[in-house]
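Chain nomenclature is as follows: A, B, C and D, assigned in order of appearance, with residue numbering initiated at 1 for each chain independently.
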Amino acid sequence: MAKKTTARSKDASLKEPLITLSAGPVAAYPRILQAMARPVQYDYDPWFQQFYEDLTKKAAKAMRTRAPALILQCEPAPAIEATAASLISPNDVVLNLASGVYGKGFGYWSARYHKEMVEIEVPFNESIDAAVVKAAFKKRPDIKVVSLVHHDTPSGTINPAREIGRIVRDHDALLIVDAVSSFGGMDIHPDDCFADVFITGPGKCLGGAPGVTFMAVSDRAWRHIKKNPKAPFASILSLSDWKDAWRKDKPFPFTPSVADINGLDAALDIYLEEGAENVWRRHALTAKATRAGIKAMGLALWAKTEAIASPTCTAVKVPDGIKDSDIIAAARAELGVVFSSGRDQTKGKLIRIGHMGPVAEPVYATVAVTAFGTALRKLGKKIDVGAGVEAALAVIAKG
Amino acid sequence: MAKKTTARSKDASLKEPLITLSAGPVAAYPRILQAMARPVQYDYDPWFQQFYEDLTKKAAKAMRTRAPALILQCEPAPAIEATAASLISPNDVVLNLASGVYGKGFGYWSARYHKEMVEIEVPFNESIDAAVVKAAFKKRPDIKVVSLVHHDTPSGTINPAREIGRIVRDHDALLIVDAVSSFGGMDIHPDDCFADVFITGPGKCLGGAPGVTFMAVSDRAWRHIKKNPKAPFASILSLSDWKDAWRKDKPFPFTPSVADINGLDAALDIYLEEGAENVWRRHALTAKATRAGIKAMGLALWAKTEAIASPTCTAVKVPDGIKDSDIIAAARAELGVVFSSGRDQTKGKLIRIGHMGPVAEPVYATVAVTAFGTALRKLGKKIDVGAGVEAALAVIAKG
Amino acid sequence: MAKKTTARSKDASLKEPLITLSAGPVAAYPRILQAMARPVQYDYDPWFQQFYEDLTKKAAKAMRTRAPALILQCEPAPAIEATAASLISPNDVVLNLASGVYGKGFGYWSARYHKEMVEIEVPFNESIDAAVVKAAFKKRPDIKVVSLVHHDTPSGTINPAREIGRIVRDHDALLIVDAVSSFGGMDIHPDDCFADVFITGPGKCLGGAPGVTFMAVSDRAWRHIKKNPKAPFASILSLSDWKDAWRKDKPFPFTPSVADINGLDAALDIYLEEGAENVWRRHALTAKATRAGIKAMGLALWAKTEAIASPTCTAVKVPDGIKDSDIIAAARAELGVVFSSGRDQTKGKLIRIGHMGPVAEPVYATVAVTAFGTALRKLGKKIDVGAGVEAALAVIAKG
Amino acid sequence: MAKKTTARSKDASLKEPLITLSAGPVAAYPRILQAMARPVQYDYDPWFQQFYEDLTKKAAKAMRTRAPALILQCEPAPAIEATAASLISPNDVVLNLASGVYGKGFGYWSARYHKEMVEIEVPFNESIDAAVVKAAFKKRPDIKVVSLVHHDTPSGTINPAREIGRIVRDHDALLIVDAVSSFGGMDIHPDDCFADVFITGPGKCLGGAPGVTFMAVSDRAWRHIKKNPKAPFASILSLSDWKDAWRKDKPFPFTPSVADINGLDAALDIYLEEGAENVWRRHALTAKATRAGIKAMGLALWAKTEAIASPTCTAVKVPDGIKDSDIIAAARAELGVVFSSGRDQTKGKLIRIGHMGPVAEPVYATVAVTAFGTALRKLGKKIDVGAGVEAALAVIAKG
């Protein structure tokens, strides 16, 4: 048989993929890529210092909060580690809310710093019930810090941040919200959910590149950090080091990641220009259409109820008798489409289809359904791809 | 009713489109876009002169011919005009082969320069029969110049360039081949088809930007141009002005379009690295899959027989009772997908789906079918989009 | 002796130059380079059509005129040819004003179209006297078209466009102004100088890339073109073809050079944001400082009087006994700095130092003087480079 | 007085600078900027994983070592912190070599982890004497880890890494070498100097952007880290987390900074293509010429002897009675040239002129001298700038 050399060949994986529908990093907007090609300016030059100050304010505007954003020169995972290191003191009782791999994982970071941890854990296809949080405070009024992953990406599920946030604030505790893969793709902001540390980045729903993190940190959180005897300084784990770095008359603790900073600037511009509500709407519609198509092909969503499924990521249960990695490889080989597997405890159990940034557009729901179905068919499953596409289109037609 | 602001809104056309499946200019490869951002070098500097010489040789290699390519600083349409102006002398009888709008159009340019024109015209959904060309030579052995559009883009149909070329050469006439939208997407080269002037550009199957043309001009053609008393010089219509411009020790007649030249360089690199045969194969497969999908939705191809349909562009007949512009607008509004209409005589009668460059990949066959079907359904037609997608996938599965 | 491999080596010319101080194309602004990397949009898509219309208005704003600019898809030299072809009818008496190579050259294009030509020619280091133009009209009141090169780049000299324009308009003739290498670098606009066709481009003082031309064409000129029985149409030499192309509801005669169009957009933004007066001021200061330095090194300017030397380009007489190409090669080899030679009649007699776009900044006056002096010294001349730099700095210090 | 709006105006600092001669981040090569605009690929996709593996080998090749490089997703300062955290165990006696701010600073990081520290400190304009290191080992044979900053950037001085490395290895201790601002600009590699952890990045002599670090870690170091009971894991401070991340079949601990990784790839290509020896030579020549010019203007170098002055950075003593920040501001305002101040203990005492990456070219020595002299003159000093430029040119002429 003739050697095939298209995207469908054995070595297809050595070709760049065609359409990335991953859970992030996502294929960035061209305008952001161009921004990262801007000249690298010297970080002590007044031009760059003014640019950086303006950027922190632009990020605050996007987060609909007042204080200039805190920017860390690393992608969000280590920024969350730094939050744990900076905020959690040896006197703090931490309530860790674990509805997924990332939520659960925070507990391990917390353990390095806290006095004690209370944990609410639910199966990783469910979400945290605000009432249970309330009950936890009743039992342990000494809880000082609460950690919540808004969208636990490895599960594709959303937690009720506003309700939980209200409770945390009522009990005068501090709330950390990981909104890395939800901010920019749905209606979530630091002030809405009473977050004291709100963490996100440009590499997911804003359609930018990974490499930096922007955050909102409340005055309450800064005061707590200040009192934390173990809060790191002169360290990449330190939030304090960067507290005043936004001011054009203050030096940076170390060199900012200039290209990523330039990319963040463009990512925020795109978001603000399109209008947040418009951005959220296309994320939601794409997710809804994808799910309709997935279900129409006889497949099951990972989330226990569709209500908790994220508008930015659809997790699909891996059908019995099939390996997740084979599905991913087949979609890649047959059509050049990239999906994400699960992580850790969800690895092998689900496949994730990202709806973030430039691919949070309805047409990519049809691409996702087509590629997912085609991959399963290639692996021997009987799948009605046509029905899947039709179901997705029916959702899109309703808008 | 709430104002919709996604790609599906009234003002959707003011958003940049998501997926361009036009007949060209196509959405360029990112690597080509980056190349166009290279520093602009001074055209008299030895570095640029060497670069330009190397580029003309690279273009020759891609065209599988020996002499360094002739590069003109304009997109191919005016380059074809320049060819008519330079090659056709007041003593020349021209045989114009018209199977489409571009073929027919060449006759008008020819008329400015030739002594007399013989024309073979076929309906614009058919292609030229080599036997008829032979017969024309029998009748008019004084034919000196023959003009052939290999892929008449406004019809999406291919003419038998090799057979015709053989006949032209046998009769010692000169052959102009417009391979603008076929070279790089299928097996066509100047020497294969005995072209004396072979014209193409980076903005179609190579996935580059419009703005320059590269050509192969035979020694026979150069001799004819030299003898042409009316051949322009010191003019943008002059091929001669640029004849030796490829040599690093020769000045340019006027400033080259540096950014487009840089883009062409990257376009050729991509083509040569991927391997021509691989590139053609994915163009062909995408076209075949698209057609299967289109037909499965009950639609008709424009081409009289599928054998003459171009692997780089699928022309679909506009169904009765529907306006072409409404289909294009609906695909754009519903899913952000761009198609091309016909041109002049084919305008209103067909819609063109481009399979060129980065979208000459099977996944885009499914996108094309989905968007085409969705657009028609939006306009009130009953269309089984699912069946269309399935038919496309069946072709893709066979590879 | 050890082989040197720095910019100073024998093969230095194979390295990209470091600092381009040419008479154009100039080293483009990074922001323009990034703009040329924007996605290539389909020219029939409404998004691109709106973008193009907006661009023509932006270009008009930069030229301080009302009607949307005419954009041609080629660099300015062929655009000037197209102007001759379109505007000059077989009934027209043309007054050609030749103070340099480009002015003289226009006469050859004119000769293809005019009835008769009157020419005022001055030595190529002088400029046209408005009084002489007035006298010409007195003698030949039937002059219908006047052609003026505002900055004859191969001489680096400026003609009094406003005075001449006033006279031309008073005599009801039509004026063509080639402002290719002066617009954007000094105070010159179509309406100021009563130009009927005003031609410029992004590749000189705006610091963009060559490849497109933008023009202002008066209603008087359009009327004349309309009446010209020989005005080309369906041709790259036709202005008429593009007359209405700016309108978003009109098709393009052929595909626009999308990357260059994107670059032009950024070039105009930069110019308008910086403020025209600021841009002119830095061009003027750089030129003045360069000239002070050149003269302080004992070298002579080409221009008969410094008053007619262009603020965008300094032409320096080649000292006796030295070859121009050796100076250029030495500056390139010793310091990686690029200068331009003369052209045709000025070739060998002068070297041109460009002050255009990003290098129209005083610091580049010191670079120019340093490199020029170093090159001559390398060729055996005794040159006080230090004195040259000091003289340039003295001008800069005064601002 | 009229408001000036050129680079020389009051608000000049709000314009982007023209020529950055900082100690880093440097103005990146255009080709690197373009590389950072490459599409963002998903880090779990096989294409990216292969790319990353290839990149680690390319970095190893540039460092002239065997094992694939360790890449950390942050700029070098935190990478050095991570090295301290990972390598230094509670049982380790550390010898800290402090000849500058960065060397001294390492001691503070070390203090968090070591058992005890021995420090050799010299005045910050001197360098470490290998004999003194030898003596230290004699006195304290239990020294387990030695830290050396090869080029202490805030002083612009170089330490004898090879001699010191030899001694460290002879005593079976582990050596950390910070070569951040020397690697790529001079002859220094991990194996030459027996470094167990060798740290550098793309943002200095390679002319790239800050944001990632690449390192060579010896097997001895990895063994030591493995035995370190306090070595961090699941942390941005962990080297171990990334130990095997170079392998295409291993996942990343967290998302790599894709754009910076792409930029690093291009930075290494440029370095390897030009040839290391050529790159070092132009750094050295530029530094030498700059120093000659600085001295000829009557100014003093910071380094006690020129022999220890770095070929990648020239530190100039701030003349009495003048503020460093005024010099920097004046060079910026007068000519748009950017210099660096000192840091911490050297702040206020010196100004640094970077010779790194694209500006490590002799022409920039003349720019540096011109701008430095001009700034001082503006501040009232009598400076013979011409003499400075001449002295620089004399060095350049000798090559």
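In the analysis below, a contact is a pair of C-beta atoms (placed from the backbone, for glycine too) under 8 Å apart; a residue touches a chain by one contact, two chains touch by 3 or more.
According to UniProt, the chain labels map to these proteins: A, B, C, D = Alanine--glyoxylate aminotransferase family protein.
Quantities reported herein were computed from a predicted structural model and do not represent experimental measurements.
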Pair sharing more residue contacts (C-beta pairs) when A-C is set against A-D: A-D
Interface residue identity across copies subunit B, subunit C - same or different by half: same
Farthest chain (mean CA position) relative to subunit B: D
Interchain centroid distance [CA atoms averaged], subunit A/subunit C, Å: 51
Inter-centroid spacing, subunit D versus subunit A (mean Cα positions, whole Å): 34
Two or more partner chains touched - positions in subunit A: 30, 33-34, 37-39
Complex contacts: residues of subunit C adjacent to subunit D: 4-8, 18-19, 30, 33-34, 37, 275, 277-278, 281-282, 285, 334-337, 358, 361-363, 366-367, 370-371, 374, 377-378, 384-390, 393, 396-397, 399
Subunit A residues touching subunit D - in the complex, by the definition given at the top: 13-17, 20, 22, 24-28, 33-34, 36-47, 50, 73-75, 77-78, 81-82, 108-109, 203, 209-211, 234-237, 254-260, 263, 332, 338, 340-341
Subunit B partner contacts - residues on subunit D that touch it in the complex: 30-31, 33-35, 37-39
